[in-house]
Amino acid sequence: MIVGRRQTEKPIRWAMVGGGGTSQIGYVHRSAALRDRTFDLVAGAFDIDPERGRAFGVELGVAPERCHADYRALFAAEAARPDGVQAVSIATPNNTHYAIAKAALESGLHVVCEKPLCFSVAEAEELKRVAADKRKIVGVAYGYAGHQMIEQARAMVAAGELGDIRLVNLAFAHGFHSAAVEETNPATKWRVDPTFAGPSYVLGDLGTHPIYIAETIAPHLKIKRLLCARQSFVKSRAPLEDNAVTLMEYDNGAFGTVWCSAVNAGSMHGQKVRIVGAKASLEWWDERPNQLSFEVQDEPVRILERGMGYLARQATAEDRIGAGHPEGLFEAWANLYGRFAVAMEATDRGDRGRLANLRYPDIDAGVEGVRWVEACVRSAEAGGVWIDYR
Amino acid sequence: MIVGRRQTEKPIRWAMVGGGGTSQIGYVHRSAALRDRTFDLVAGAFDIDPERGRAFGVELGVAPERCHADYRALFAAEAARPDGVQAVSIATPNNTHYAIAKAALESGLHVVCEKPLCFSVAEAEELKRVAADKRKIVGVAYGYAGHQMIEQARAMVAAGELGDIRLVNLAFAHGFHSAAVEETNPATKWRVDPTFAGPSYVLGDLGTHPIYIAETIAPHLKIKRLLCARQSFVKSRAPLEDNAVTLMEYDNGAFGTVWCSAVNAGSMHGQKVRIVGAKASLEWWDERPNQLSFEVQDEPVRILERGMGYLARQATAEDRIGAGHPEGLFEAWANLYGRFAVAMEATDRGDRGRLANLRYPDIDAGVEGVRWVEACVRSAEAGGVWIDYR
Amino acid sequence: MIVGRRQTEKPIRWAMVGGGGTSQIGYVHRSAALRDRTFDLVAGAFDIDPERGRAFGVELGVAPERCHADYRALFAAEAARPDGVQAVSIATPNNTHYAIAKAALESGLHVVCEKPLCFSVAEAEELKRVAADKRKIVGVAYGYAGHQMIEQARAMVAAGELGDIRLVNLAFAHGFHSAAVEETNPATKWRVDPTFAGPSYVLGDLGTHPIYIAETIAPHLKIKRLLCARQSFVKSRAPLEDNAVTLMEYDNGAFGTVWCSAVNAGSMHGQKVRIVGAKASLEWWDERPNQLSFEVQDEPVRILERGMGYLARQATAEDRIGAGHPEGLFEAWANLYGRFAVAMEATDRGDRGRLANLRYPDIDAGVEGVRWVEACVRSAEAGGVWIDYR
Amino acid sequence: MIVGRRQTEKPIRWAMVGGGGTSQIGYVHRSAALRDRTFDLVAGAFDIDPERGRAFGVELGVAPERCHADYRALFAAEAARPDGVQAVSIATPNNTHYAIAKAALESGLHVVCEKPLCFSVAEAEELKRVAADKRKIVGVAYGYAGHQMIEQARAMVAAGELGDIRLVNLAFAHGFHSAAVEETNPATKWRVDPTFAGPSYVLGDLGTHPIYIAETIAPHLKIKRLLCARQSFVKSRAPLEDNAVTLMEYDNGAFGTVWCSAVNAGSMHGQKVRIVGAKASLEWWDERPNQLSFEVQDEPVRILERGMGYLARQATAEDRIGAGHPEGLFEAWANLYGRFAVAMEATDRGDRGRLANLRYPDIDAGVEGVRWVEACVRSAEAGGVWIDYR
C-alpha cells in the first residue's frame, strides 16, 4: 500500500524536455513523477518556443534560470551545477527521442522516454550501449503496464495457473482517427507524418503497449517469426498505416495476434490482452483496469478485483486506495515513476539485488518495442510475409 | 411477429437422416422444423443402428414402416408413396453429407444439411448443379444466422449507416477442447478425425458460422485473397487444427480476420462479429444474441435490443415474444426452418419473386463455406501464405 | 438433458381458453406445451368472438367441433367425450381467471392458469379447496421460474453456500409504460383498469414473478410483515399503481425489498433477483438467464453458466442444448409445462413420491402471489404502513 | 481540460488534522489537494500521538515546528504567524469533526471536513452559522461527487432530457463487513461504535454519498417525508445498523429509495445512482465512473463516456486525460479540492459571481447529510414509520 511515503531516500532532481503548454502527456508525466514526492521538478526545456517554455516552467514553480531554450542548453547548464538534475523525462515528438535520450545519457542523466525510444533497432541498441556505459537507466513510458492487475497476471502465469501458454491475443484498436482528423487537429497530424512519427503509426503508437504488457505477463515467450499486414484506410496517411494485424509464432509453439487500429469506429480504446494457457486464460482491458478475468476451463469465470486480499503480494504492493474504488491511468503511471526512481537510486548506489527484483519498462523493453515495429514494417512492406524475428 | 401461424400453406412432409438417440443437434433440427407446424416429421433414417432408429422414430410419432434402415431405403420408399416426404434434413457425420445430400436431391427432395455441406468445392458445385437441375433447394444449418439482430445489422449496412466497410473482425473461439477430451468423449472424437471431419476441424466446425454471418451482413464484400495459420495445440489432433487465424483481403479494400479456436480456455462460445465502417461499427455476440452494439464514432455507443420499434422491419418480422424477453438459439433455428419452408414452397410453385426477397443460408452459402475452408487449409498447408481466393 | 423424448407416458389431451388471434402469451403457452409432445392441443375456446376462435383453432389443427364458443361450452362438451381433454390452460384477462379455473377444476380438469390466479386470498383458497377435492393440479404461469439457473440458485441455498440468508433484493422494473400508452394500445389498456386487472397493476403483473422466484430459491423464508408504497405516475392509472416499493421482514430476521415498475424509463425488463447470505450472494437477471453471479465475500465473483458440469444435477436436468448456446424464455416455459405434465400424470395415478420431488409453481404458489398482492395493496391503501402478513 | 495549471492565483497555505501514519483517507486528501499545486501543505496535527505526528509531517516536508500536538495548538500557532495556514482539512474520527471544524472556523480558517460533519442538525447549523459569521467556506468530502459524469448527469437533468423526475434509486451496498471484521480490524472498529461513529453506521458512512450525488444531479427535488428500516445483521453492532433501506417522498411527487449496506456479501462497492424521468433515465456506478448510461424510453440505451465532445461543457472542464483512458477516484477528489480552492479564494475576495457558478459539497450539503441521517435514525427508531422531513 502506498500512502504517500517516498519510496526513495530523497526526491530525485528532475527535468522535462517537452510536455509544456497544453500537452496532456506532459501533465501525465508530471502527475506521476510528483505524485509521492519521488521527484522534484527543478529544470526543463518545456517548449520549442523558449519564451513560452520559460513562462510555463515558472508557472510550475521552476526557477526561471533553469528553464532552458532547448535540451542541449538544459543538459549543459545542469551538468555545471552541483545541484543539477539527476534525471530527465522526454515528451517530445518521436523523431527527436533518440538524439535527446542519447545526449541525456551522455550527460550522465537517467532517462524516462516516451515510446518509441527511436526509429531503428540500431539506434535503440546504441542507446542501450550508452546507458550501460554511463550506468544510467532508461525508463520507457509504457504507462498502462503500471496497472496493478498486470502484476497479478504476471504472478499467475509464473505460478503456472494457466498451464503452458498457447495463445497471446492482443488488441489496441480505437476509432478516434476514423476520419482524417489530422487535417484540423495538429496533435494528430505529426502522428501520421513519417518525418515525425517514424516508420509506422498504429504499430508503434498503439501496438507496442500490449506487446510490452504481454512480455511482462509471460516473459518466457520469445517471438520466433512474425507476419504483418497493414492498411491506410484514410488514404492520405500512406505509407503510414492506420490499421494493422500482426501474427506471431513463439519459440515454445505459442501463437499470437495483435490488432492495432485507429479506425475501429466507435471503440474507445480497445486495448485488450488475453493470454490463453492449456488450463486457463486471463483477460484484461485497459478501460476497466481494476478487473482481471480469470477463466479456468470447466469452471465459472472469476472476476478478480484490484486491492483484494486474494491477489498476489506484488499486485497489491502499489495500491493507493482500497478495493472497490477505481484507480485509473494516473496511478498506473505513478507506479512506473515510483519504480523508475527506485531503479535510479539503486543503479547509482550499485544495488544489483534491488534491481533484480524490480520490474519496469527498461531499455530492453524499449529496444524490443522498436524491434517489433521494425519487423512488422519489414513484413508488411514485403507484402505480408513471414519473417524471422531475430 | 410470429405467433404460431404457419408461414406456408401446408406443413411440408419431412424426414430426417441421422439425429437420433441423444443427439442434441437432431433435437435442435426437430424443435426448429416443428416449432410452428411448418414441417411434419413423417419418416426417417434416424440411426446407424436400424432397430434403434426405428424405436426412436416411433417414439417421435413416426409410423414404424416409415422408419428406415438407411438413407437409400428411406429415399426409395418415400419416392414410391403418393404422400412421400418432400424434404429431408441431414444430421450425420460430415463425411456422409455429400452422398446423402446428392441422393436426396436426385430423389427430388429439398435438403437441409448440416455444415459443412461436403469436403471440396468440386463436390459442393456438383450439389449445386444437381439442385438446380432438380429445382430443389439446399438449406445449410448456419443456425446462428437466424437470430433477428443479424437482419438488423444487414439492414443497417445496406442503409449505409456504417459508411464504407473497412474491417471484418470475426471470432468463434471456445475452450471446451482445451484438453484432449476426445479420448473419452465420442461426440468430440469424430470431429478431430479427418476421415469423418474432413480437411479441417475448427475452420469448418466454427469458422464457417461467422463467415456466413459476415456475408449476410455485408453481402457486397468479396474475399480477394487470404492467408491462414493453423495449429494443433493438442498434438494428437494434427493434421487437424484446434486453433486458426485467417486474414482476408476483400475486393473493396476491406480487411478481415477470423479467429477459430477450440482451445480458448475458459471461453464459452466467443462467437463475435464486428463490422467496422468508415463512420460506425456493429458488434454482435452469439451468447447475448438479443443485443447489437451500434457504435458511431464520436457518439455514445448504442445497445440495440431485439423486438424494439426502432429496428428495421425485417429485424422484427420473426419476433416470437416482446422486447426484453430473451429469445435463444432455438428461435434462431426456427426462423431458418421457417424460411427454408417458404423457399421450398416458392421453389415448387416457381415463385421467383418470393425467392428474391428471401434470405437464408442456401446452396451458395454452402459452397462458399466449403470454398473458404478449402482455401484456408491450402494456405495453411503452404506455410501460411497469401493465396488468391477464386 | 432434454432431447425431445416425452417425459410423460402419453401426451396429455389439452385445451386452451383464450390465447387466440395475435395473443403473444397464447403462443408462449402453446410453444411450451407442444414443445416435446407432452401435450396435444385437441380443443379450445380461443377467442371471445366464437367465429374467430373457431377459425383460429382450426388453423392450429384442432377439429372444428372441438372449438367452442366459451369455456362453459368447452368444459361441458369435453366432459361428455371419452377422449375429452384432461387439462386446460387459461390465458384470458385477469378478471376471468377465477371463474374459469374453478369451472375447469369442477369439470375434473387439471389447470394451468396465468397469474394472478384470482383477485383475493379468499378466492384463491377456494380454488385450492376445489383442486384438492377434485385431486387436480393447478399450475401457475410464473414462466421465468422455469429457467434452469433458478434451480441452481435453489440448490446452492439449500446446500448452505450462502450462509444464513439476510437480504432478498427483488426488482421487476421496466419502462415500457412510462407514457400513457394504454390510450392507444389495447393490450395495455386492460392492465390499468381495475375491472379487468384487479386491485393492482405492477404488484400483480410484475412483482409476483420475482416473489415466486425468491420463494423457490429460499423456500424457508417466510414473510412476517410488510410495508408497501405505491404510486401512479401516469395519473389516469390511479388507483392502480405503475410503480411500487415493498419492504418485507421475514421470520428468520431477513429483510427484503421489491421494486415493481412500468415507468422505469429505458429499462427493458429489469427483473433481478439478488439473495444475500452471511457468506455469499447470488444474483440473477432474466434478460441474461443463462448466467448466475455467485459472489462469495473476499473471493472473486464467479459467473456460473447454464449447462456446465459444475452445476447441480437439477440445474442441468432440463438443458436442451449445450453450455454457451443461449436458451431463452421459451425453454423456461417448456420446462414448466414439462413439470406440469409430470405432475398431472403423477397426480392421476396417485404417485406421491414423484410429486414430492417435483418443484413447479402450484396452487400454493398461486395463493401466495395473491396474498402478497393483497397485503401490499392493503399496506399501501393505509398509507404505507407495516402490516402483519398472515 | 486540466493540465496542471493552478486554478487559483496562489497555492493556499494548508494544514491537516489527522490523516497521518498509514491512513488511506489522509493520503487521498493530500493527493487531491496537492495534485495541481492548488494547496501547499505547510502545517498539521497529523496524529493523536504528537511524536509520531511530527515525524510523519517532517517526512511530508512540513517544517518540524509546524507539526503540532493537537488541533488547538495548531490553530493557535498558525494564527500567530504572518504566513499561517489559510485552510485546514479534518480527517479524524467522526466524533471529533464538530469541535475541530468549529475551532478552525473560529480561528478564521477555511475548512474541508470528512463527512459526517457532525452528529446532529443542531450542531451542523451551528457550524453553518459560524462559517457565515467568519465568511469562511466548509467543504465536505463527498469525494465521489467529483467524478465528471455527475456533472454530465446534472446538466442533462437541467436541460430536461429526462422529463419530470419520478424516481430516485440509490444504493451504496458493499459486502466487506459481512462478518464481524471489527473484532480484528481497528479501522472498522470505530465505525460500529456510536461513541466514535455517531447515531448510525451505514446510513452516515455510505448513504450520504449517493444522497449528495442525487441532490447534485436533481437539485430541485426536496424530500418531504421519509421512512427508514435498519438492521444489525452482525448482532454486536446494534444499535448501529449494517443495513438500511430508506423510502423518500419528494415535494414534486417523485419517489426515492436508498439501500445502504455493509453486508451485501460479494459486492465491491455497489454505489449506484439511477434517476428516472418521464422520458428517460440516467444510471451511474462508482466502480465504472467514466461511463453514464442514458436510457431514453423506446430508444437504444446509450453509454456516455467521460471526455467525449458530445458531453456538456461542465462535464469536460475537469478532464485530465482524453476519453477512453480511465480516470479514477483520485481525480474526482482532486476536482473537488480544486473547487474548494477556487471557493476559498473567491470567498476571501468577496467574488459572489464566481461562487454562484461553482458547485461543490458545501456547508449546506454537510447540513443536509446530517439531517438525512438524523431523520432516518428517527424513523427507524420509531419502528420504520413515515416522518416529515423538515
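Just so it is clear, A, B, C and D label the chains in written order, and each chain counts residues from 1 on its own.
The rule is short, and it goes like this: a contact is a pair of C-beta atoms (placed from the backbone, for glycine too) under 8 Å apart; a residue touches a chain by one contact, two chains touch by 3 or more.
In UniProt terms the chains read A, B, C, D = Putative dehydrogenase.
Every value quoted in this text rests on a predicted model; they were computed, and no experiment measured them.
Same-residue interface: subunit B (Putative dehydrogenase) and subunit D (Putative dehydrogenase) share over half of the residue numbers found at their contact. Set against the C-alpha centre of subunit B (Putative dehydrogenase), every other chain centre is closer than that of D.
Mean C-alpha position of subunit A (Putative dehydrogenase) lies 44 Å from that of subunit B (Putative dehydrogenase). Centres computed as Cα averages put subunit B (Putative dehydrogenase) at a distance of 56 Å from subunit D (Putative dehydrogenase). Look at where the CA atoms of subunit A (Putative dehydrogenase) average out and do the same for subunit D (Putative dehydrogenase): the two points lie 35 Å apart.
Counting partners per residue, subunit C (Putative dehydrogenase) has 176, 294, 299, 301, 305 as the residues that reach two or more other chains.
Only residues 294, 298-305, 308-310 of subunit C (Putative dehydrogenase) touch subunit A (Putative dehydrogenase) when the two sit together in their complex. Within the complex formed with subunit B (Putative dehydrogenase), the subunit A (Putative dehydrogenase) residues making contact are 162-163, 166-167, 169, 175-176, 178-179, 227, 229, 231, 233, 243, 245, 247, 249, 253, 255, 257, 259, 261, 263-267, 276-281, 294-297, 299, 301, 383-386. Subunit C (Putative dehydrogenase) makes touch with subunit B (Putative dehydrogenase) in their complex at residues 1-6, 22-24, 26-28, 30-31, 35, 37, 59-61, 174, 176, 268-269, 286-290, 305, 320-331.
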